[in-house]
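You will see two complexes here that share chain A, one where it goes with chain B and one where it goes with chain C.
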Partner chain A sequence: MKPDHLRFFIDPSRCIGCQSCVQACTECDTHRGESMIHLEFIDRAASVQTVPVVCMHCDQPTCAEVCPADAIKRTADGVVQSARKPRCIACGNCVVACPFGVPEVHEERKLMMKCDMCYDRTSIGKKPMCATVCPSQALYYGTAEEIDRLRPMSTPSNRFQFGNQVITTRVFVMWPRGPVTLAVPLDITAPLADRAGADPFAHVEL
Partner chain B sequence: MATPIPEQDTISIPPDGRPAAEQPAWRQDFPIDWPQDEYVERRDFVKFLTLTSFAFVVGQFWIAGKQWLRRGEAPPGALRIASIADIAVGGSLVFDYPGVHDSCILVRLSDTEFVAFGQKCTHLSCAVIPKPEEGVFHCPCHEGLFDLRTGRQLAGPPPRPLPKVTLAVRDGEIFATGVAAGGA
Partner chain C sequence: MPARLVRPGPGSFVATIPVDDRAITNRFGPHLSEMTAARLSTSVEPERLVKTHCCFCGQQCGIQLKVRDNEVIGFEPWEEFPFNRGMLCPKGVKRYLQGSHPDRLLTALQRDPSADGGFAPIAYADGIARAAAEIQRLQSAYGAGSIGVLGGASLTTEKTYLLGKFARVCLKTPFIDYNGRLCMVSAGAGNKKAFGIDRVTNPWADMIGTDVIWVAGSNVAECAPITTNYLWQAREHGARIIIQDPRLTPVARTCDLFLPVKPGRDAALFAGVLQIMIEHRWLDQRFIDAHTAGFDAVAAYCRGWPIEKTADVTGVPRRSIEQAAEMWATAPTGFLLHARGIEHHSNGVQNVLGSINLVLATGRLGRPHCGYGTIVGQANGQGGREHGQKCDQLPGLRDISNPEHRRYISGVWGIDEAALPGPGVDAYEMFRKIDAGEIKGLISICFNPKVSLPDNNFVTRCLEKLEFYTAIDFFLNDTARHADIVLPGSLHEEDEGTVTQVEGRIIKVNKAVDCPGDARQDWKIIQDLACALDRPHGFTFDEPRQIFEELRIASKGGVADYSGVTYEKIEREMGVFWPCYANDPRTGEPIADHPGTPRLFEPGSYNPIARGSGPFYFPDGRARFNLADYRVPVDDVGEEYPIFLTTGRVVSQFLSGTQTRRIGPLVKQYPEPRIEMHPRLAAELGIADRDWATAETRRGTITLRAMVVNTIRPDTIFIPYHWAGEKSANQLTVAAQDPISKIPQYKVCGCRVRKADGPPAYDAVLEPQQ
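The block that comes next holds the complex of A and B.
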C-alpha cells in the first residue's frame, strides 16, 4: 500500500505526558534503547502540560540546508531521514538550526539521529510506533478525512513561521478551530456539583 | 467538510521558494532529496570508468618505468651482520639489508647452516616470526606460514615466497651479499 494519503497529526492539547510514545520509540529495532521522540514540558514551573516533539519533516528542511557534509536527505515521500552514516561528521549544525529542536547528535558514534517517522513502518503503510501507543491520540496517524471526522473542533495546520522563515511540513499540528475562549471560567478544583451547568464549550458550534 | 491538505509528495523546496532554474548551481550538485542524490548520470558513470581505467594504465607504466630505472643500479654491497659466536643454534637476529627500511632476519639452523630472509610477509608486510622448532616462519597477522629453509609459502594468504638474502661466512663473520627473488 502506498502510504501517500496517510498523514501524521500532533495535538499537543491532548498530550497527558504518559511517556508511552517515548517508551514505544525506545523499543524500535533501528535505534534500540534510545528514544527519537522528545516529550517536552511547555512551562514546567506553571503547568504539567507536555507536548510530544517528533520530526515535522519540513518541505524546506533547515537541517539539510545547513548540513556541510551533505548527509541529511529527504526521501521521495517527504520523510527527512536521519543523517547518512558514511557522511555525517557530527558537527551539530542541524541541532542548532532545526526550528523544532528535533535532531540529536551522538558525539561518540559521530552521527546525528532523529525521528524518521518510523520509516520501516510508515513506508509500508503501518502507523509509527508512537501513534499506535498514544492513549489519548495526541499523536494520530491517518487520513485527512478521518481527522476531520474525529476532531471537529480542531483544524490541522502545517505552516509555521519562525522570524522571517516560513516552513511547511509533512507533519500536521492540530489547532483549535475558531476563536477559543472559555465561556465560563472553570474552576477545576471546585466540587463537581458546583460545576454543573457550566459548560465551557457552550459557545462553540459543533 | 474535509480540510484541503496540500500534496506533500513533491520534492523539497529551497528556503527562498524560487524555482529550480533560479537556484545556484550547487543545489543541483548537493540535492536534499534522496532520489536526486542517488541518481548517477550515464555520462558521469562513463567518465568515472574512463578516468579510473586511465589511472590504472598510468600506474602500470609507472611501475614498469621504476623497474627499468632500477636495472641500471649496482647490486648492493656486502654487509657484515654478526659473528657466528653472536647467535646460538636456533637463534635469530634482525638486520637491515640492503636499505635501512628493508628488515631481514637471520636464523641459525645448525652449527654451520645459516639462512636469512626479508622479514616482511609478502601478504601485507607484517613482520614474520621464525619458529625453528616447527621449521617455519609464522606471520601472526593472517596465519601465514613460510618454510624456514627455503622461504617458500606453506599456508595462509601470502602470494609469494619471502625474498632470500644470500649469505657468506668469512673468518667467523656472517655477511649478507645480495637479495634473491625468493626461495624455491
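The block that comes next holds the complex of A and C.
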C-alpha cells in the first residue's frame, strides 16, 4: 500500500525538455526497458516549451470508464494501473478519451501502456523514478507540507474542468499562487508562433 | 624494434589512419549499447550498490551503481548526496550503459593495416615496451621536448596530478596540456586576475534566497541540467532571472528578462550595463572603496559605452539593457553565473572580467545569497586544472614560472629544480608545434582533439605528421585512430579517486567493477610507461590513495590547498570545499579537522596571500576591477560570410561523444546534429525544416538537416559539436584563441548557408552516431 501522505506534483513551467523522466522511466524494474510516460514538445518550431506527460491518476478515470474490455484498474490507494495485458484489445478508446493525453497504445505489443506511478517503488515508500531524477523538479514527489515550504510562489491544484466534465486527480499541478492575470488576451488554440510577442527576436533585422 | 615503426624516410606520414575510416568504424564503433540481459531482467538482484558520481559533466551528481558479476547493471538514485539529491539528467540515467560495451578495448592494440579495423591486438607488456622504445628513440634523436602529452579534465585529480608529474619528471618535457583548455580557462584566468584565486565563490545553495540571478552564456537546461532546480528554487523564493544568450534556451523561456545578445558581443553588453549603473549610482560604493582596486579606470572605459552604442553593437534592445542594469543593480543580493557562451571567445577573458566587474560594483561577494561563478563543463574541470596538467601550472594552482613554487614542488618530487621544465604551450599550440616538426611524438589520454578542437581538419593533418603516437583510452576514439599503439585504459567505474566539482567541492569517485581483459587503471599505465622508460622514481604508487596523499603535500601552501582533505573526510561529509588546511595558514599550527571553505571572501577571512589584509587573494587583500575591453571577434560576419555560426551541446550528448555516441537510448534522443535556424532566415534561404542544408566557413563545409525554430537569433545558426568526421561542427570553427587564456573561439564566426542539392554521401552508409 502506497503511503497516503506522499503526493505527486507537476509544474510544467519548470520543464526543460531534457527527457530525464522518460529515460528514467525505462529503468523502473517493472517497466522492463519501456517508458510509460512521454514528453510533449508543444510546438518546437515556435517554442522550447515541453510538458512531461505522466498519468494524473484520476479519481474516476475516464480511460477505465470507456474501456470496452475493462482492462484498466484503479488500486485502492488511487493509482490507475497500466492496461492488463490479457484483457487489453489495443482499441485506443482510452487514448482518445483521456483528457490529459496520457495513454499510448504500443502497436507492436497490441497493448496500452501508461504510467503506474512506479507502483513497485511507490508502494514501498520510494519515490517514482521520474520525479526522483527530474533535474528541474517539474516532477516532484513528497508531502503537501514539503511542497508548501519549497514552493512559496506556487499552489497545487487537482481539480480540472474539460467542457462539462470535472475531474479530480491523485496528481497535482502547480499554479502561481494568488490571482493570475494574463498580460495579453491569449487564444490558447492559436499556433504559438502567431501569438502576440511570441518572437523574442522580432527586433533583429536580417 | 618492429619493422612497421621504422621511419621509412622523410616526408612519409605514418600516423595516417591505417585503413579506411569506415573499416575502423565497423570494427571499433561507435556501436550502440542497449538495456539487455541482466540490465532488463527484474529477477536479477544487484549484489551491491556503489555510491559514486556521474562520469560526465562538472556537476558530478551523486549516483548509486547497481553491480552484479563484475558488471554495472543499472543505477539507483542517491538521494542523500547534497548537491543533486537524486536528480540526474538523461546522461546520468544512462551512464551505466557505457560498461560491458561491445566497443570496449580489452587489449593493447598496434596499428596494422592488414588487421581487421586496422589495429591488431598485442600483449599489454609489448604495447608498453614499444611505446617506451619509441619515446626513447625520439627523445634521444630530437630532445626531451619532442614528446607532447595531452591530458583531460574527465580524469580524477590523482590521475591529472600523476600525468603532470610524469611529463615533467619522467619525460622531462614542458609540453603537456589538456582539454580543459577548451573549457574553463577563460574563467580561470579572469578569476585569477580579479580575485587572485580560481574557483566559484559560493556553493549553489547560496542561490536560494537571492534576489536576482544573471546567467550569461549558459544553456543551463542542456549543459548543467541539475543547476536548473537551483534556479527554479531561487525563483520560488523571490529571485528574478536574467538570461543572456543568442538562443532562447529552455531556462530562458520563463525568465524575467531575456537578453538576446549577438554572438561575441558580451564584453560590450557588460560595459554598457555598468555604464548605466554608474550613471544611476547603482553601486555598492562602500564595498568598492573598502575591498577593490581599479574601479576608476573601468568607469572611464565604460563612458565609451552609452546605451545607443551598446544596443547597436550587442543587438540587445535598449529597453532590455536598461532593465537588466536596474534589475541586477538595485536588488539587495545577486548571483552571476556564466559558462562557455561568454568564455569560448578570442575575447573570452575580457567577457569574464566584464561580468566580474558587475559583481564587484554591487559588492556581491563573501555573503549568503550573493555569489559568482563559472559553470564548469567537464567532470573535473576544476580539479583537473589545479594540480599540474595545465601547461603553466604546478600542483596547488602554483605557477610553473614562479621560482618559489618551482622549488617547493621540486622538493616534493625529489628532483633538482633546474631539471623541472618551464612552461609549455596550450593544447592547440602543441598541434602547431607538431605541424612545425618540433613535437614528433604524442601521448594522449582522455582527449579527442580530432573532434573537439576548432578547425579540426588542421588537427587531422597534424596527427598525420606525428612520428609516433600512443593513445590511452577505453574506446578507440576518433583521434586514437591515428595511434601507433593504443593502451586500454579504465572507465570511470573501474577506479577510485577524487574530483572537484563545479562548486569547488572535492568528491570521491568509487570503484564499482574491475577493468575487463587487459585494460588497466590509467595511473597504472602511466607508471608502467615510466618503469619501461627506466625512470620509475616517483611512479611506484600502489593505489590512488597514495597519490592523493602526495598531492595533499604538493598542494599544501598553494592557493588550492588540499592538505586537510582525506578520503575519509570526503566520504563522511559528502564533499569538502577547498581550501582545506592541515595547518592554520595564520599560525602554522596543525588543525585537527579544518571544515573546508564553502564560501570564499567572507569578511575577516584569512588567506595565505593577503595574510589578513583583506578577503581577496592579493597581497593587499583587495579584488581587482579589470578593464574588460570589447574586441570584434576574429572572422566576424561580413559580406562573404554573413551569418553567425555558434556551437554548443545538446542534453543527451557529452563533449566529443566518445562515450555518449555509444549509448543507444541517448543516441535515440537526439540522433544526429542539425543546423538550427530561425524561420525568417530559413525562408530567405528557401530551406524548410528537415531539409538538407550546407553551412560553410572559411575552413570547411558541413551538410546536415535543418531545424527551423524561432528560438534562435535570425542572424545566427547553431550546430552541436558532439559528432565526428563529416558531421563534426569543428570542421567549421575558427582556431582563433584568447591571447591570455588560449581558449578557442568556438562560439562565433562568419558562415554562409544554402540549401543542399541532396543528401550527403554519408547519409546512406553511416549510422546516426557514426
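We adopt the following convention: the second predicted complex is superposed on the first by the 175 of 206 C-alpha atoms of A that agree within 3 Å, B and C clash if a C-alpha of one lies under 4 Å from a C-alpha of the other, contacts with A are read in each partner's own complex, and residues count from 1 in each chain.
Just so it is clear, a residue touches a chain if its C-beta (ideal position, glycine included) is under 8 Å from a C-beta of that chain, and two chains touch if they have at least 3 such contacts.
Keep in mind that what you see is a predicted model, and the values were worked out from it rather than measured.
Look at A:38: by the touch rule set out above, it reaches neither chain B nor chain C.
One of chain B and chain C touches more residues of chain A, and that partner is C.
Residue contacts after overlaying the shared chain place A:114 against neither chain B nor chain C.
Using the contact criterion defined above for the overlaid structures, shared-chain residue A:170 touches chain B, although it does not reach chain C.
In the superposition on chain A, A:155 makes contact with chain B only, while chain C stays out of contact range.
In the superposed pair of complexes, A:78 makes contact with chain B only, with no contact to chain C. In the superposition on chain A, A:133 contacts chain C only, with no contact to chain B. When the shared chain is aligned, chain B comes close enough to touch A:145, but chain C does not.
Touch criterion met: A:23 reaches chain C, while chain B stays clear of it. Under the contact criterion defined above, no residue of chain A touches both chain B in one complex and chain C in the other. Against chain B, in their complex, chain A makes its touches with residues 4, 7, 59-62, 64-65, 70, 72-78, 81, 144-145, 148, 155-156, 158, 165, 168, 170, 172.
Per the touch definition, chain B reaches chain A in the complex via residues 1-3, 5-6, 8-9, 11-15, 17, 30, 32-35, 37. Interface residues of chain A, counted against chain C in their complex, comprise 13-20, 22-24, 26-27, 29-30, 32-33, 44-50, 127, 129, 132-137, 150-154, 193, 198-201, 203-206.
Contact residues on chain C toward chain A in their complex (touch as defined above): 34-35, 39-40, 42, 74-75, 77, 79, 86-90, 92-94, 221-222, 225-226, 228-229, 232-233, 235-238, 248-254, 258, 260, 315, 317, 651-652, 665-666, 669, 678-681, 684, 689, 708-715.
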